[in-house]
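Each of the next two complexes has chain A plus one other chain: chain B in the first, chain C in the second.
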Partner chain A sequence: MEKEKHVKLHGRRLFVNVLVHIFLAILAFVWVIPIVWIVLTSLRGEKGSYVSTFFPKFYTLDNYIQLFTNTNLLNFPRMFTNTLIIAICTCLISTFFVLSVSYCMSRLRFKFRKPYMNLAMILTLFPGFMSMIAVYYILKAFNLTEGNMIRISLILVYSACSGLGFYIAKGFFDTIPKSIDEAALIDGATRWQIFTKITIPLSKPIIIYTVLTSFIGPWVDFIFAKVICRANADQYTVAIGLWNMLQKEYIHNWYTCFAAGAVVVSIPIAILFVFMQKYYVEGMAGAVKG
Partner chain B sequence: MKKKVLALMLASAMVATAFAGCGSKESNSGSASTETSDSAEGITLTVWSPQEDQDGDADSWLQKECEAFNEAHPEWDITFEYGVCSEGDAGDTVSADPTAAADVYMFANDQIPNLVANGALSELGGDTVEQIKANNTENTIASVTYEDAVYGVPFTGNTWFMYYDKSVFSEDDVKNLDTMLEKGKVAFPLSNSWYIASFYAANGCTLFGEDGQDADAGIDFSGDKATAVTKYLVDLVANPNFTNDADGSGLAGLADGSVNAIFSGSWDYDAVKDALGDNIGVVAAPTITIDGTECQMKAFAGSKAIGVNPNCENQQVAVALAAFLGSTDAQSDHYTMRNIIPCDTNCDVSGDAVAEAQTDVISNKSVLQPLVSAMGQYWTPAESMGQELVAGTVTADNAADKTEAMNTAMNTAAVE
Partner chain C sequence: MKIKEDGVIAALTRGDAATKLSAIIMGAGLAAHKQLVKGIAVFVIEIAYILFMINKGISCLADLPGLGDSLQEKVWNEELGVFEYTAGDNSILILLYGVAVLVVTAAFIVLWMLQLSRSFKLEQDLKNGKPVMNFREELASLKHQNVHVTLMSLPMLGILLFNIVPLLFMISMAFTNYSKENDKLVLFDWVGLKNFARVLNFNGNIGRQFWHVLAWTIVWAFFATFLNYIMGMILALLINRRDTRIKGFWRFCFILSIAVPQFVSLLIMHIMLQPQGAVNVILQNLGITSSALPFWSDATWARVTIIVINLWIGIPYTMLQVTGILQNIPADLYEAAKVDGAGPVVTFFKITLPYTLFVTTPYLITSFTGNINNFNVIYLLSGGGPTYVGDTAGQTDLLITWLYKLTVDQQYYNIGAVIGIFTFVVLSIVALVTYRNSGSYKNEEEFM
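Right after this comes the complex of A and B.
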């Protein structure tokens, strides 16, 4: 009797588990399909934007070769370099900004602290592209919208206000005991020394998290790059380049290269994630605690 | 982090206004000194064109023509700067900030109202207009004329026609769409409003009067004549030999043989040639039979033209360059180097099927794509009509109501 009940319970649990796993499998399938599709398309031998079969009729690496060698029309390697330079610079600058602001908000006490935090909260609720035309005119007034200065203006745009996104890092810093800081103060350390010698080494996870988000921002941004680059083809970023490949004039010849480009673009992000993944999870968890 | 740019914005809102003021002042003083400063001293001209005109290096079309222009005018010492902006994007990119845009650029003629409204396009006059009028057909001249002023030097026509498989259709077959549908498969981009108008125009529906210039006339896609077209289209969609051409399915169909005719423009020639090889046929769109009468489908015709930015400091030089880039010789070069079909009547393009089809469409089988700002209201209702036809929500029974609803939407100003 006892045993029978046990088997029954076990059976029901098995049934529920099977259902859940089937459901999850379907979800996973749906989620993975676009990625599989883009990889397959990037290897597709036949040209054009429309195919009647999911799997390519024949496979080739020509799309990748064309992407990197056919630089007369759309210079993908240069776009890639541009984006990489911008993303790395932005990453360094805005990581520093975010950590500094978070540290101040977490450790220092000053009159404007509360109002500032509220203000930042409200400002982050607005979408950034609301301001893009105004940003463009400001940059133009500083003569930053021609030639190589475009790279600088893009770095400026992406990193200038990153300090506003301090909430998660501040939450993490709040979890580091204040008594450590006080001990260091008594030993004669300055605020800067506490920040660099104590807080930073203790907050690897959140630094990694900040690095990741501030790298991906400029890496995938289209709208600001489009507004600021305008007709300067030598300053295009990958986002604009990929968008161009889908224009009426190019789509037939460049569609499969577009897919190849999309795969190539995801590589740096994927590498970053693979190396920093375990810290990423920790960083998020730490923030929640605070 | 880009989202936080707004903070910068709010913080410097007042500064921004101040800068905007500066900017416009600068440009005013710039145009004030126009026409006087084009003597021997160095002049810098920025030229925007599509990427294909300037690929490679010194031997590409734009660079070649600009150098030739420089040599032809020893009195000016010009340095050229090149930017990339396709004709289709010029309307948005130049209008976004005319003061920082190119001095000379290429645009599709349907953007003229927008560009003029944004102060981004100079009216041409004098010799340049004489040159345009002497070298082009009336339809081409009309395509760059807006409110009785000429705004660009046209260099190629912009319209669509039909590519077909010669092994399936004979030359007689392609004269009528209904005959074609009996013999082979036809794909038409019905859900694209640039194309669908041809059916309505075939049966006497008009956009902004007969000549497409009369803003007060509005869009007339109403009454029995339009309903008859909608009913024809309902039957067309139901025909098993008809497919809607969307997302490149027509072109792909040509390649694998599941489609035998598509409607597109000169930009797709190479792709169609790849698909059909020697069987490629090019001809103007066919006639359709509505209520027993044969009506010619009429494509939207336009042109691509070279325009001058009024913010340019050296108007005279810029206009001369625009005229030079649109001259007979430059158009011939454009044709040999890039296969851009010239619209200049002095250029010899006989024997080129695509050029002949395009010329035929523009001169005889088209309506001028209206240059009226209210034209903006046309696109979305027409596109919805096409999509509903394809989806089957428009039927013979509700055709009259749906057509009337479309016409009303087209003549209702969007929120301004």
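Right after this comes the complex of A and C.
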């Protein structure tokens, strides 16, 4: 009696387990298939976006070669360097801004601290590109919307408002014990020294997290880039370039190159993302392991 | 009225001659009270401001109420024998400069108040024999007591220039008739609340579209948030089950999709689901469907497709979040439940669900507001379409994508600005109520 029940229970558990694993396998398949599709398309020998089979009829690396050598219509290498320059500058400025603001919000007490936090919250609720047109006119007033100045414009656009996104880093600084600061103050350190010599060295995970998020930003934004670059093709970033490859006039010849470009952009970002995830988790766990 | 000890009114009524003088000659009070360099600096700023106002500012402000009225015209120049163009007014620039001058003036007034109260404070300190900082000490304090000034100036300047001024500018646009309609792109006027009335009026063309878009925005945000949340949670639970094998592999499969930039995966989906795209072709080749499925051309299909694809995007995020939380649920809770004879279903509803809900409420709120503003998913997948003839908003447009279309594509700037303001209103109702009640805001100090 007892044994029979056990066998029955065991059988049911096995059944549930098999069911769960089949279900997970189906889901995993659904999630991975579009990514496999991009990779396969980037290696596809036949041109055009309309295909009748899942697997390419023949494989080739020509798409990657065309992407980097055929620079008459869409200059991908140039877009890549543009984006790289913009991303590096953006991440330097943003990191400085975010860290300074977060430190002030977390460690210092001054009159406009609460008002600033409330203001920041209100400002982030406005849809970002509601102000896009106005930003464009402001940049134009500073003569930053022609030629190479467009790069500076984009750097400014991506980094100028980063002081609003201080929540995560502030949360991290909050976990650094205040007693460390107090000890340093007694030893005669200034607040500036505490910031640069104590807080920053203790905050590796959150600094890396901030650097990576702000570095990735310019690679994946194309709305601001589109409005500010307009028709200046030599200033395009990767995101606009890839978007253009799918427009009616290019899609037939460039579809497979688009896939190649997507792979080229995705690989470094995916790697950075994995790092970021690691440091994000560490950052969330706090500065001093309890 | 209560007079603040170090306020402006106190300075003006109870301050000495030098302090009172600094109401007109700024910095006089500072200079008289042992802060000469600072006083001079403030005075120089005052002179610069006055010069700026005389040269440019006043004319900018004077144009603001009328927003300019002279068109660019061709004038025959007798001497040279050519047509010359007169510089016509450009309302948009008048408005922008006007707003900028107003912001500069506001900053100047703040400075005026600061230097007055500062000077009064110095006066008091000197009287009471308290030490007063000289200029060098003041500079040194930028690294210590006043380090927030050093650290925050640049970030705040950035926010002012690239967020506050543009926002004020756009908000003021909502009260004008700046639009392609009736050719008001160069010269336009103030129209008061007309645009708001137009957007809210259900019978008008714009108003009808607005209510449709608003309804869909809320439906979308609701489904996108809660479906993602529930399914992500189920997925996390399935992977976290004790009997599930190769947990790391399953997680990797799902996280892979987060690591690919969103615009890439969205564009790929958009192409795959075209009438001639891979999905339709393969379905037809397999004989499952006889004609192409209208993924983007039928309103209902498009809406469902977008919500489903958003699941593909969103579930891994929820899974990541929930996995961390699940691992933190104290194990003794489960043991106690087991001792009391609770089955898996009861444990889920009595322990797992309440615990995760408690921890993830802020995450739910942010993802709800995030979805209201979810530009990428809509714009890259359906482009807001399908759009009926005569409409500016498509059937899947959110407020935010409609705003983009109205301003960038259609140049209906005034209506766009109104939509932006309404989006803000919707968002702030959701966010302020919930955020201000959340523990992290109220108990900020307790955390330390």
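Note that the second predicted complex is superposed on the first by the 254 of 290 C-alpha atoms of A that agree within 3 Å, B and C clash if a C-alpha of one lies under 4 Å from a C-alpha of the other, contacts with A are read in each partner's own complex, and residues count from 1 in each chain.
Note that a residue touches a chain if its C-beta (ideal position, glycine included) is under 8 Å from a C-beta of that chain, and two chains touch if they have at least 3 such contacts.
Predicted, not measured: the structure shown is a model, and the values here were computed from it.
Participant: According to the stated criteria, A:Asn72 is in contact with first (chain B), second (chain C), both, or neither; which is it?
Facilitator: After superposition on chain A, A:Asn72 lies in contact with chain B alone.
Participant: Based on the superposed arrangement, let me know which partner A:Leu108 touches: chain B (first), chain C (second), both, or neither?
Facilitator: second
Participant: Looking at the overlay, what does A:Gln247 touch: chain B (first), chain C (second), both, or neither?
Facilitator: A:Gln247: touches chain B, not chain C.
Participant: Of the two partner chains, chain B (first) and chain C (second), which one does A:Gly217 touch, if any: first, second, both, or neither?
Facilitator: So A:Gly217 only meets chain B here.
Participant: Looking at A:Ala141 after the superposition, I want to know if it touches chain B, chain C, both of them or none. Which is it: first, second, both, neither?
Facilitator: both
Participant: Would you check which partner chain A:Ala262 touches, where first means chain B only, second means chain C only, and both and neither mean what they say?
Facilitator: Touch status of A:Ala262: second partner only.
Participant: Of the two partner chains, chain B (first) and chain C (second), which one does A:Phe80 touch, if any: first, second, both, or neither?
Facilitator: In the superposition, A:Phe80 contacts neither chain B nor chain C.
Participant: In the superposed arrangement, does A:Arg230 touch chain B (first), chain C (second), both or neither?
Facilitator: So A:Arg230 only meets chain B here.
Participant: Would you sort A:Gly165 into first (chain B), second (chain C), both or neither based on which partner it touches?
Facilitator: first
Participant: Please tell me which partner, chain B or chain C, touches more residues of chain A.
Facilitator: Counting contacted residues of chain A, the larger count belongs to C.
Participant: Using the superposition described at the top, list the residues of chain A that contact chain B and also contact chain C.
Facilitator: On chain A, the overlap between the chain B and chain C contacts is residues 49-52, 123, 126-128, 130-135, 137-138, 141, 157, 159-164, 227, 255.
Participant: Which residues of chain A touch chain B in the complex?
Facilitator: Touch list, chain A to chain B: 46-52, 72-74, 90, 94, 98, 120, 123-124, 126-128, 130-138, 140-141, 145-146, 157-165, 213-214, 217-218, 221, 224, 227, 230-233, 247-249, 251-253, 255.
Participant: Can you list the residues on chain C that touch chain A in the complex?
Facilitator: So the residues of chain C touching chain A come out as 92-93, 96, 143-145, 147-148, 150-152, 154-156, 158-159, 161-167, 169-170, 235, 238-239, 241, 243-245, 250, 253-265, 267-272, 274, 276-278, 281-282, 285, 312, 316, 320, 324, 369, 373, 375, 379, 399-400, 403-404, 407-408, 413, 416-417, 420, 423-424, 427-428, 431, 435, 447-448.
Participant: Along chain A, where are the residues that touch chain C in the complex?
Facilitator: Residues 13, 17, 20-21, 23-24, 27-28, 30-32, 34-35, 37-38, 49-54, 97, 100-101, 103-104, 108, 110, 113, 116, 121-123, 125-135, 137-138, 141, 156-157, 159-164, 174, 178, 190-193, 195, 216, 219-220, 222-223, 227, 239, 242-243, 246, 255, 258-259, 262, 265-266, 269-270, 273-274, 277, 281 of chain A touch chain C in their complex.
Participant: In their complex, what parts of chain B are in touch with chain A?
Facilitator: Touch list, chain B to chain A: 1-10, 12-13, 15-16, 19-20, 22-23, 48, 50-52, 55-56, 83-86, 88, 93, 96-97, 100-102, 247-249, 251-252, 255-256, 258, 267-268, 270-271, 274.
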